[in-house]
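Would you mind keeping the following structure in view while I ask a few things?
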């Protein structure tokens, strides 16, 4: 056992952060999905991390993907990252690996609207349980209507007419991976993004609490604010330990634990950050609300709280 | 202890209910929420109707043009109007609940005559100019300067934030610093600012809900006549506390009634959608039912206490002297109201979080849904009008008598 | 509406407190059920508050009973107070009103051990729902074994052999009140005791926080401690409003709300008080643990959290 | 990152498992929990067996008689002994986890030779004399006085509290004040007190669980030779921090493994009793499964970090300089361990609260049930070894770099 980031992993994290901060200025990209940035991610090999080098990949694994997704989550990078990563790797969807093709996903039956449907080139359809194969369709084959999304950086479509996968009858089965596996990896990568967002909200809250003065001193010198921030960090660090572990063990329960705790760290972190920001946190201009809204969305995608808790209970 | 209506209360309730049944169908359709002039017109028309029917300023003293009714009458009013689906106080909020009562308590006869009747008749809209970008929870840190020009005017420069209805207000109850040398809580003065004065700029402020409920108000050498000062120069902090106490007291009572209705709607939705089968969610709704039942009783208790003693209930272990426990005999609610605000802010957020569970991702992620808008705006409740952290300080220090300091 | 204590009610509360503090020194009576005190309560008319004066009672009602029970809860007065009060009033059990007879209760099916069985003179047996009649038995008719009670001041017996009411087949029906009504009043009076205990733990925590010094100042000057105490008071005041209201309205939902919130105020209040006391709170000598243990017991008796939440949900 | 065993680790685990399979059946029956001499004998016998088998002081340095194994080896030891149902460290706790490592790090060669081998061989029991009635969370407020008598002895007077195993201990790691004039954190000295010295009185302390796990230790002019001082005079605070860091670091690792087992037992009970059908309770258990899974990973992470850098992981936004983040290169865990302690204390209380729900009133109100005893003792976790409030201060100030003060 040596549960620390290796030098290569530290370098990957640093490189990813530099790439993303260089292209976004370190702020959540307010313009939504940026295809040029998407291709840059592809060029940097981030979608193909887990592919063998012979197939044009980097030959790394889920632990590295988790680090990359954590960085993406930190900046609230808009786009169906998890679905595109799965398409590039397990499913070998052409163009997904180099970022020329954006792939979004519909999970039949979970009732979550589809993100970035209009901007996507392919739609991954998940239906059934272990043993079932994923299917692939063109986005326009899905009968869906736009929703005014709570997350301003993530357009959403609600499936209309028939429910779930039945709404895209023409989708073609993709050999290579069953839906249970895809769901697990999708949940883990989503948890990693939540972790990144949660970590970022601690940074934001702490930075604000150090400089914002009330009653003649930085608000961070008041225990009430200190303890809010300490609670945020406690949730981040706890979630981090199990997100990283799930990437190593690829275990189903551990992934559910990772998703559950990362969702909570992200949602509660963003809420506490708004509280520390006070009135400023209630404005559109501050980024904090974007973290909360994305966290709400990601908490519903790829296994929500109820699903995680029930599957964890069943696994005891 | 008596929770039932007295004969007079029953009569009042009966008459109000009858009047509402006639008045509401005559109302025009509700305006577009983004159309501020239309909202003002709608709210003022409703206030005028209340005035004409004898329901304006129920809890205001008679010598201020109000009905002088005990506060319990106001609660019946809130219950019945909510039950009937009547409009909210809306643009009349600051005038009827903050500025008006302050002027009634602290203003001269001339000031009362000038400002109070138009508030009651729905003719003039007030907004609040207290908070500043660097003076939020720490209101006494406000820096907007007012300098007497020697000719009977104050010259005011600074900026205010979180001002509701500023776009359509006639007047602003403004706190300014008149003596920058004095200790923080001194040297503050309360002014009535005409919003059409030269140098006043209003800029809408977009909230995280995407709406423009609030505005920033910029003041650039705005001249305000000294006759617009309520209370003595440099005495504005005391005057302000009167107003703030009103805000922390009964201001949310109507919302508690509304939350009880929302909870019933939510349960009905859950029952018809099948989400009711989720025991975790169902029991959470059961708990919210307890919560809002208790909050309504807490309002009734506080109002009963305030009506008779001017003090909020403060049991537990009140400290010696227990400052800030309300102003006896004035009907001004005190620090006990912080208990209510703490609890209610949290319960409201819980209600909207539960709603997201009931509606599922399809509804909870839809920004066009009323529930989503309500969920977003509920986030302000633990911040606005004193954060929950500040409220806990107030409860600990003023009600429980724990030592100041850290 | 005038939701304040009347002068008579204030006097009753004061008188009850003086009586109880005079006989206990203001501390939870460590000796357990005190029959002399019980008779003194009877002599003071506290069990017969709600009986008409013609029947030897005081002609008052539930609101007054709630004030008396709150005072009893404040001092953790040991004994089956609620059952004895019901026996004295609704059921007219001889000797209950004047405190010469101690009556305890068994609710068939809720699984809660019976308190003070050995010291009791009568056993009230509740079985079935609305419309069913309560029954009365001699305690020794119940086949039960002593439990090492978590509350050192409240001996408990667990029904052995047959479950619930079937274990006392010889119990005789008592005309006068159906079990649903008794359960509601029992829950309310138990909530009132919890409220008293919760109020007392705020007093204890605040008194300790004012004098205990750490880091050169009273711990009550630290926000973390202040906010714990503020939260305790918040729960007490919220519970109080609905306990008093339920006494006036005699409404079933409101009683469930009262029990739910008073239980929570008592349990969490005692726990927070232990936290404020620190190591001292972990000792047997400090009274705080007695509040927690009694609160755990009372939270199970006469409607527990699950029952309250479910009935409240059903009533929305 | 690697969670699997290395070849060496796998071999160690395999050998340990085999040894446990042979050693455990040979153990005598567990003693009566109230019989302290029997408990001491049992714990020491087990320690001796570990010593003979080469498992004593796994994580101690080789030059202190330990195995010099990386901390990960200690985690494997905890996992395997827990899985096999082996005894806990018991009376050996302070010696093996506090006093021993302190002496190993700070003692002279003679002190190491005198005290360390008997700890490893299970011959001598240590207890801890840090806390005092008026110095709990604020340990540096301790007042027990030690005055040099000029003949090479200290004369010690004062009292200590919360001392485990004092009744059967040979030695006490004692903090005393040697310079009352110095600032609070200076003027403290670390002494090894022989418990049989004249003037030492031990009085058992009854906890809310009704047991006598702790004692008060009264010291009345007790003479302690200066040779028993570890570290320099007045330097005991620094020496103490080393020990405290150990306590906050890996001390709870074994308990996390035990909690995972308790959770499995609880789920099995709920499944067979039908309580499993209660979705609220079931999902609560599911959440606890996530919690203890994560806590175990957090232990592994902290131990991996500590083994290589001597620092606990501290991400988030570490403050400039970030004091207290562990002592690089020493294997001493730092403030990051506070995150673990905060979370674990709460999770343990949650586990026992859930157990009360699973067992129902019949079990939860029975003081004789192990679960009830565990629930009561879990209440100490958010208080002992630094309250949760103190831990949050540490996290906020030392890890996040928020300003000291309020």
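Each chain carries a letter (A, B, C and D) given by its place in the written order, and its residues are counted from 1.
Everything that follows uses one rule, which is that a residue touches a chain if its C-beta (ideal position, glycine included) is under 8 Å from a C-beta of that chain, and two chains touch if they have at least 3 such contacts.
For each chain, UniProt lists the protein as follows: A, C = Acyl-CoA/acyl-ACP dehydrogenase; B, D = Acyl-CoA dehydrogenase.
From a predicted model like this one, the values you see are computed outputs, not experimental measurements.
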Farthest chain (mean CA position) relative to chain B: D
B-C against A-B, pair bridged by the larger set of C-beta contacts: B-C
Chain centre separation (chain C, chain D; CA means) in Å: 40
Distance between chain centroids, defined by C-alpha means - chain A, chain C (Å): 50
For chain B, residues that touch 2 or more chains besides their own: 278, 280, 283, 389, 392-393, 405-406
Per-residue overlap in chain A, given as positions that touch at least 2 other chains: 222-225, 227, 306
Complex contacts: residues of chain A adjacent to chain C: 222-224, 227
Residues of chain D defined as touching chain C within the complex: 131, 134, 136-138, 141, 161-162, 205-208, 210, 278, 280, 356, 360-362, 364-368, 372, 376, 379-380, 382-384, 387-389, 392-393, 406
Of all residues in chain A, those that touch chain D in their complex: 1-6, 9, 63, 199, 202-203, 206-207, 209-210, 217-218, 220-223, 225-227, 229-231, 233-234, 236-242, 244-245, 247-249, 253-254, 256-257, 260-261, 306, 308-316
Chain C - residues contacting chain D, complex: 110-113, 147-152, 156, 158, 213-215, 222-225, 271, 274-275, 278-279, 281-286, 288-289, 292, 296-297, 300, 304, 306
Sites on chain D touched by chain A in the complex: 1-6, 9, 72, 75, 263-264, 267, 282-283, 285-287, 289-291, 293-295, 297-298, 300-301, 303-305, 308, 313, 315-317, 336, 339, 342-343, 389, 391-393, 395-397, 399-406
